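Beneath this line is the structure, given in structure tokens, with notes to follow.
Note that the chains take the letters A, B and C in the order they are written out, and that residue 1 is the start of every chain.
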């Protein structure tokens, strides 16, 4: 089966990076992956999103109208993309910034105050890692250990960012567990 | 080296370096700027040349100069930039210089938009610049294939002394996929190109070399054009590349599609198959030379009722498809060119609605 | 007694197509003499322009490339960047350098490309048949200014040496002429200096040469020399505008 995960939010919320880490973890698990960004003016402050395709089989079409899962980091992206999500998918809502729900009863809604969690850890910028970890913990789309390895791979060369990211991942995991 | 997750644009840059191309000139334009950014980071440490030109016009001629003295060189751009480089492309083709141009297509005409498109098909395959010339045009449909085509483009351009264009769309440039770089790297070319204007000291014979495209004498000009034509005919004979998908089945519809669009078509073919509808897909990997013969044969099958050219353009490749089919079967076009790529379901519905 | 005057080795034996009284031939010869004297013929690449000198590659005896209109500095940049060991010069006219190729020359100069540009300024388009150039004088009649250049419509003639000297990147920029022997001697010194700077890898160098075009000016060769002296030189002063040792912008003029 093919999974499509959409990460959406404001530019600067680490949307593209979350997707990349997930794609990397899935690749390391031996899956086929494709990562597609929204690019252009919307990257600079507007709505940014990316789509990660994960499959056991070759991924042909990199275009999908109805993704399976959504990680919504802000309200506009929840409103825009929640109606597109396939039934039985997961919608993760960043409840720090989004006070409304998905309005869907055929999906699994997961509310996580990712900004508050990140802020409490002392690194507001790691909110995207909190969200990603919560999503992975809930969906099991990749093994959590593999996610940690990919976070390490992404942040190992970014001076000193790694320990906080690992903490953020752990906090996200706890928040995401069913 | 195992698989790495890489953006198409960065993979194209890395592939060029691994192909022994250490000279790169470019001008920023979305959606290909990551190629230039990658080259700016990597080439200095390899002892290579990275230069951001003042315009695509200038960049085209920097490529001319570098290629003219026999060095491997590449540039990358997108449609509006390729328009400006087209003057140089014509000069480079006439002077028979090897060089690699990459077009990561965005929507047009005009300034258009920055989303994926295949609207530069005519520009790439029919000229773009003035005069009778052709580019060898390679159309990748994945990041891995983009890598392979870049590595193939340099020897190909050197073999025929002709510019090669990699024609990818914005999605190929922007998407990340796992890629593996071939272990056997292409050896850096020597400076023994006999024709290169690289200083008479380089040669034993004291014959001087002139790299030019000015040919005023009508007879000589005609002879030169015949020579180019002969080369293009050789390329037509020897360099056609394509992929077939589900073409061993008795398809009623044959799709011809390339690049990202062809990937979407593959999914549509799979989905239609689940519903018992057989559709064949022929994906040209070379747009010039175009797989004319293969398409003609495939269209001539008794079970084939229609040939569909599916493009992210308003009916450009379809002209080559029609030319290939030679009336043996009805040919239709389907496409979109606003930046949104038609999803598989849309193609399915369209194909199911065809009156065959 | 040995020969005191011979053809420079760097000059080919081919007869030029230039009109009687045209000064291209003199400048070609000066460039060839300098290349001989510096012993760099085997590693020199000339870049020909579009204009009367489009066939310049026929008149020299070393490697050459032929660029599109105005693009010679970009071609030269491409060569010099990938082969810094080669000596690269462009030879351009005023239509080529000051009109269609302004972007290329300004940016090549501003990047400090270690190339040499010989810039022939004769205040008119030659090859295309005597049309107005950016350097055409106010009131000067050309085929596209049949009533004389109207500066209200077309602006004032462009002083390229001064304009390029205003750039902050170190360079050698000079204006010379070849309309009489005393000037020819000076012009040769300047051309030699320009090539020497390149040999030393020091800077971009440009020698503007005020030249004549009797054919398109509608004058005899002698009249043309005199018109250049009385009309062009007062507007286009000779001299060194910039040397690599001078700071910042114009330090002469």
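What we mean here is this: contacts are C-beta pairs under 8 Å (C-beta built on N, C-alpha and C of every residue); 3 or more make two chains touch, one makes a residue touch a chain.
If you're wondering where the values come from, they're calculated on a predicted model, not measured in any experiment.
By mean C-alpha position, what chain is farthest away from chain B?
C
Pick the chain whose C-alpha centre of mass, unweighted, sits closest to the average of all protein C-alpha coordinates shown.
B
Using Cα averages as centroids, what's the distance between chain A and chain B in whole Å?
Inter-chain centre distance comes to 34 Å.
In angstrom, rounded to a whole number, how far apart do the mean CA points of chain A and chain C lie?
The mean C-alpha positions of chain A and chain C differ by 61 Å.
Report the inter-centroid distance (CA atoms only) between chain B and chain C in whole Å.
Taking the average C-alpha coordinate of chain B and of chain C, the gap between them is 39 Å.
Flag every residue of chain B that touches chain C in the complex, lowest number first.
23, 25, 49, 51, 53-55, 57-69, 71, 73, 87-88, 91, 197-201, 208-214
Write out the stretch or stretches of chain B touching chain A in their complex.
Chain B reaches chain A through residues 3, 5, 30-31, 113-115, 170-171, 174-178, 260, 263-264, 266-268, 270, 341-345.
With touch defined as at the start, can you tell me which chain C residues reach chain B in the complex?
Interface residues on the chain C side: 41-45, 47-48, 54-55, 57, 61-68, 71, 73-83, 86, 103-104, 106-107, 111.
Which of the residues in chain A come into contact with chain B in the complex?
Going through chain A, the ones touching chain B are 20, 23-24, 27, 32-37, 39-40, 60-65.
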